[in-house]
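Sending over a structure as structure tokens; questions will come in a sec.
Chains: A, B, C, D, E, F, G, H, I, J, K and L, in written order; residue numbering restarts at 1 for each.
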């Protein structure tokens, strides 16, 4: 059997990475992150489909159109805190999902601590820069490979 | 130079793992998790010091007494939501820390969504069973090896 | 004079109906619902224009572009609870509207009980499956035929 | 088999309809509404038992004493927002119920937006004047005739 | 050196201006406002790029694609109160921005008093009809010409 | 007819401007601001009456005693957030008013985001340093010259 | 023309007056209060109809059945804080009403400070023992005699 | 013994009465109200000392300087809702006080429903125009004449 | 001296017990509970007077009419959470009371955790099925026999 | 089979009983209470293991170490309101538990009304002095003897 | 160099001290407190300037006019809880300040627990009667003498 | 008679003082503070017993075991904001207590502004570094020497 494909979605404003305010967001661009993701995918022998979108509606569409993927790693950006519709898309398609964040959303403004998306995901990883993505992919891969390991 | 030592703290009630309600918490005991941690430590060529305690005061003491450790991976259990004192200990010792949870705290009772600890940590990982610990250790190891990667 | 045309808008994720989780959402697809709508329209001798969109902006656009319609039956899905902009579009175009929901939003999560849209509508119907749409069309038709019946 | 009997309950102050403030509440009296209900019942070939009461305790009694009815259409008036006891009566008797309102409660005072009753009903219909009752009866009739149509 | 270009963004439903409810919103259309903006731009010897969009995602895209502009005057409409993502786009691109509103948002519904956008702007102007735009452009122009004048 | 007189009121602590913490509040003193106001007044051919007071009661008195003025530009300082009585004075005298702030009150402490005064004003301008006053005067002048421009 | 009749309603538990805890509630019984009311009525040359009820439903009924009265003085007791239905009865019958309380409800538990009834009344009088009733009757009498005196 | 003197304090903006917005506040000026107060005082054979002030500090001073008065009737205007200091002055001097309001504060904005002053008064009377003052004086006079009547 | 009589009140919907949803509420009917109460009364050599009512007003009446009883054991059902008037009746009659619940109200909906009645009772017992009544009677009996045992 | 052993835990500060403030807490010491518990245990033919601890961590330990007990009667003292960890221990060990309080926690400070522990217990008993313990033991004994009696 | 002058401000109603309710506020008058302050000043070899005012505006003025003082000890009385303007005056003048209270504000009404002033002070001392002032002066004197001691 | 002994308790994390982050917390260690306390004790001719603990349970124990002390000066650290149990211990032992804080807790996170401990203390002193302790001891000493000085 061929390696399972994983859907990667970068939410709003993540395309700005690396080109601005590098003292805050680091020097990595979204391309750099995507390269690291692709590299890891190779190691894990999985395929990934990577998208970035600034639009809530498009993200919902991407999730629906790619529901044949084995799982989803999503950084919903600011939609984390405002979009019930993206959460409904994840729940509605039933695609196993992991929410990731570059920064530690728990140490920022209060309104960034609440996630509408996390409750419909397997778990949430936040604060580890681009490594949040890599960890999220590994965690999802583990989950898909062996559901038994996801004790609660 | 020798491998950096990482402090692992399991909070209240985690010693109950595996011996009860396996349909919810899985069949792994805390010993099984600790073995997996030790195994990973070997691979990463780091040392770990592992503790479990049901007492808020003891956990504060453990953090203070082990502040020479290069980092901390902590599952604060229920103290996540009630202990400002543990957060102060982490902040006061300045030890780089990662908060981990077996279950997805964002999909449980509302009072489990708030963490006093996460704001003083590098990041938070929740929902991946024992893999939350392993991921936390790897993320912390990466952070310590290369602070530059922890973009925000 | 010819029969009045009514605009029907299905909000985000409603295109998923019937193809997944039939034990929850039933076996009807959105097409099935649309057929029932069309059938009722025939009986009532009215025309309908039916759209589905996952995008808040598109839904606003659809309302604006079809403001010549005599009325609107809208299931705003998750945007019910987050979109002031769709409410503004309904109020701004002045199109008489009815909000409908397949499920009973009053027996679900607390954040699903609040509607930004309902206060600018004639009324709200929730909980009757696809019949919510049919009822909404009839209620709107009655309202348009005879404003006197809409006592308060 | 004979047609199923449906219980209709008008809550507090609904007996005032039509005799006062017709510019707001319309010229229909409660008798007029009841005639429309009876007329529809004839068309649907069902029986109805109709009551009005200003007393929370009486309404609870009416629900209990008529629990052999196949369903309930209730306009709980102001008790919608304050009576846990009526909700308990509906839940306790297990009678399938529909909550209806003449006015759109979602566009009035904030304390009128919350319903203790709706969560224990099949659904809620508000804002369509006396047509809310007729629609409620039809929706309940459909529900009782074919539980399969009540997709969620 | 040539005159600085300023980006003007009209948010959702502002394209409805003047064509409906003139007793509330006045008889000016969005075109009329844009003409006044262009006229003022000529006087100030600056260039402007003007857009209207009903879509949160598109507005984010417009800000990102025009980040070479010297500044932004934005009327975010209803997104003022719900879009963290547009605020992130302004902060992320670092473009100096001014929030403007035709109506006095502080004298309307409570949920219209909160702005997610204003905290990342130089300032907010609300309540002066189309003059809010003209004032915003002048204020931004002043700010850009002489940062020293923007005492706090 | 002679030029309309406009009342300018500087609220509590604004007399401290320029003499302290110039890195925050700039080097302009209240006198400098008043000169700029006077200069603009000359250009607009209007008269102004300028006052500063640290007392809520005095500010109410100033508004009442100068109600023959054609309008009011007020920076209520900290009373913005606590004084219902000043708002009542503005509403009670019926004098058209504009609220201005040197700093962007929307990017400061939460309790500074709420204004009791703004709801009884034509509009609010905040964040543009002394230019907030000049803009406020121009906006008020426009409003008084042509009420038609104050679309909502 | 004969003197106008005024309806007096004593709410729940007011029949307990004077027979218990006289150190708190005084030695006057409800009969004593009613005598004082009757005496005042004689002086004012008005008729009164006096009722006491412990039942929310009965109080609604009393208001409806006596709507030909020229006015209502009501001490709603604990229903002050919980009954939207009594407020609806007063508003629905349009009977001019005054809310009175023996004790000062503003100096008791927080939940006694909120009244659902007062907003649909001419005014509220609380804290003056049985004199609250007498004052309420006089105030209502004045109001009915001369609507012009009820300035706001 | 000579008749007891009663202190009457009119709070902020009450000096505006009658000269503006007579359709709302009536045609009576503060002088007219004061004449009615004086007339009643004659009938009751009491003396009154009447003051109006827009200043919270002055009102506190008036209460302190007139503490030899037998009682206080105060319309604190907007300070009702914001001044703990006036409440402290009443409590600190121990002067028996009655709070009065021309309008029904319970049917206005939510922030006008809360009184800091009422809890330290004998009672509150609101909604009866200038009659609120007269009633307040009578109620206070009764209270002072016979403390036994102030049952609770 | 003869044995003291204790008043037992079953609140709304408790008459439904045992006849419906036995999997939730058990197979005991209210009659069965009453038999157990009577049996216990015999053992304790006390008399009991037992009532059930669905009406808040009736319950108030029952408490007032039976105030000669030595104590009250009440299961206020849903009125626990909404009735200030029943609490006032208990406090007003001064009858020593115990609040009991069949189910554990602390593990149900949030609105069932608050009791208006418990603060005016000796204590509250919830969660022990019909044994809550028996325990309540014994606790009340103990309290009445020996007030000294009710340490706090 | 031998009598089941029941674990009794007295939480923080309960060791102070009887030695101080006897006018409030009565003259019974914790030893007196324990004697009464032992006496009842003899009558019921059960064994009890009794502990007192001021430490949250110790209480968790006691619950874990004694999980072979057939049940738990716990007075969590102030930890009732702050300890999620003790609740987790009870839930994690699965030991059937009853929460008891000497005083009526529902008539004290608001923060004492909320229990984190009660939702994971069979029930709660509060307000009956040392009799709360005895009743708790009996209720637990009944529950263990016959699960059928614990109807809800 | 001469001794530093310290500004002492007594807020509203503190002039009432000692002349009324001595059982609560003690027998010391404000003069007595001022004498104790002067005596301490002599010992510390510092000068003090002492003021009392009931007016928020005057207190702001006093702070501004005495900004050459080396520090401020202020008992803001009720303005503690309502005055942002006094806090702004302290912050705006940059004068080092200590907030003091005679009573323990943390054991009184909830609204007395919040201070707008304390966050802009070095610290707060409450509950020690006139000794709060003396302690405040000493603490301020220490702070001014040696900023290094004010560790945080 | 010999000098009264005072109990000094340093709460969680205070043992970290001086060894870390001296730029924030100063260079004094807990030993340095204790030396200053001992020195002051000598001057005041009192004895002190000094403890530090990171454990809530231990702190409760220390208070109970040392209740023969004449008073308590406690810096509860983070337990200030979370421990009702320590407050109960102080209240239960009746030991006169003073709460002290090195930093100004009123200028930090909102959750640090609330103290469960202060309401059961004589007073609170916060913000003066180690001088808070010295002042607390003096204030307590004064209180114990002369209860009359603790006016309110």
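The working rule: a residue touches a chain if its C-beta (ideal position, glycine included) is under 8 Å from a C-beta of that chain, and two chains touch if they have at least 3 such contacts.
The structure displayed is predicted, hence computed values, not measured ones.
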Please report the minimal path length, in steps, between chain A and chain J on the chain touch graph. 2
Smallest number of contact steps required from chain B to reach chain D: 3
Please pick, from A-B, E-F or H-K, the pair whose interface repeats that of G-I, with more than half of the contact pairs identical by residue number. H-K
Inter-copy rotation, chain B to chain G, in degrees (Cα atoms; steps of 5): 180
Would you mind pulling out the distance in Å between where the CA atoms of chain C average out and where those of chain K do? 63
Whole-Å separation of chain centres (CA-atom averages), chain B against chain F: 54
Expressed in whole Å, how far the mean CA point of chain F lies from that of chain L is 48
So chain C residues touching two or more other chains come to 55-58, 82
All chain pairs that touch each other: A-B, A-C, A-E, B-J, B-L, C-D, C-E, D-G, D-I, E-F, F-H, F-K, G-H, G-I, H-K, I-J, J-L, K-L
Residue numbers of chain D touching chain C in their complex, please. 24-28, 102-104, 106-107, 113-115, 118-132, 135, 138-139, 142-143, 148-152
For the complex, give me every residue of chain C touching chain E. 55-58, 60-61, 64, 82-85, 87-89, 92-94
Of all residues in chain I, those that touch chain D in their complex: 11-13, 15-16, 20-21, 53-58, 77-79, 81-82, 111-112
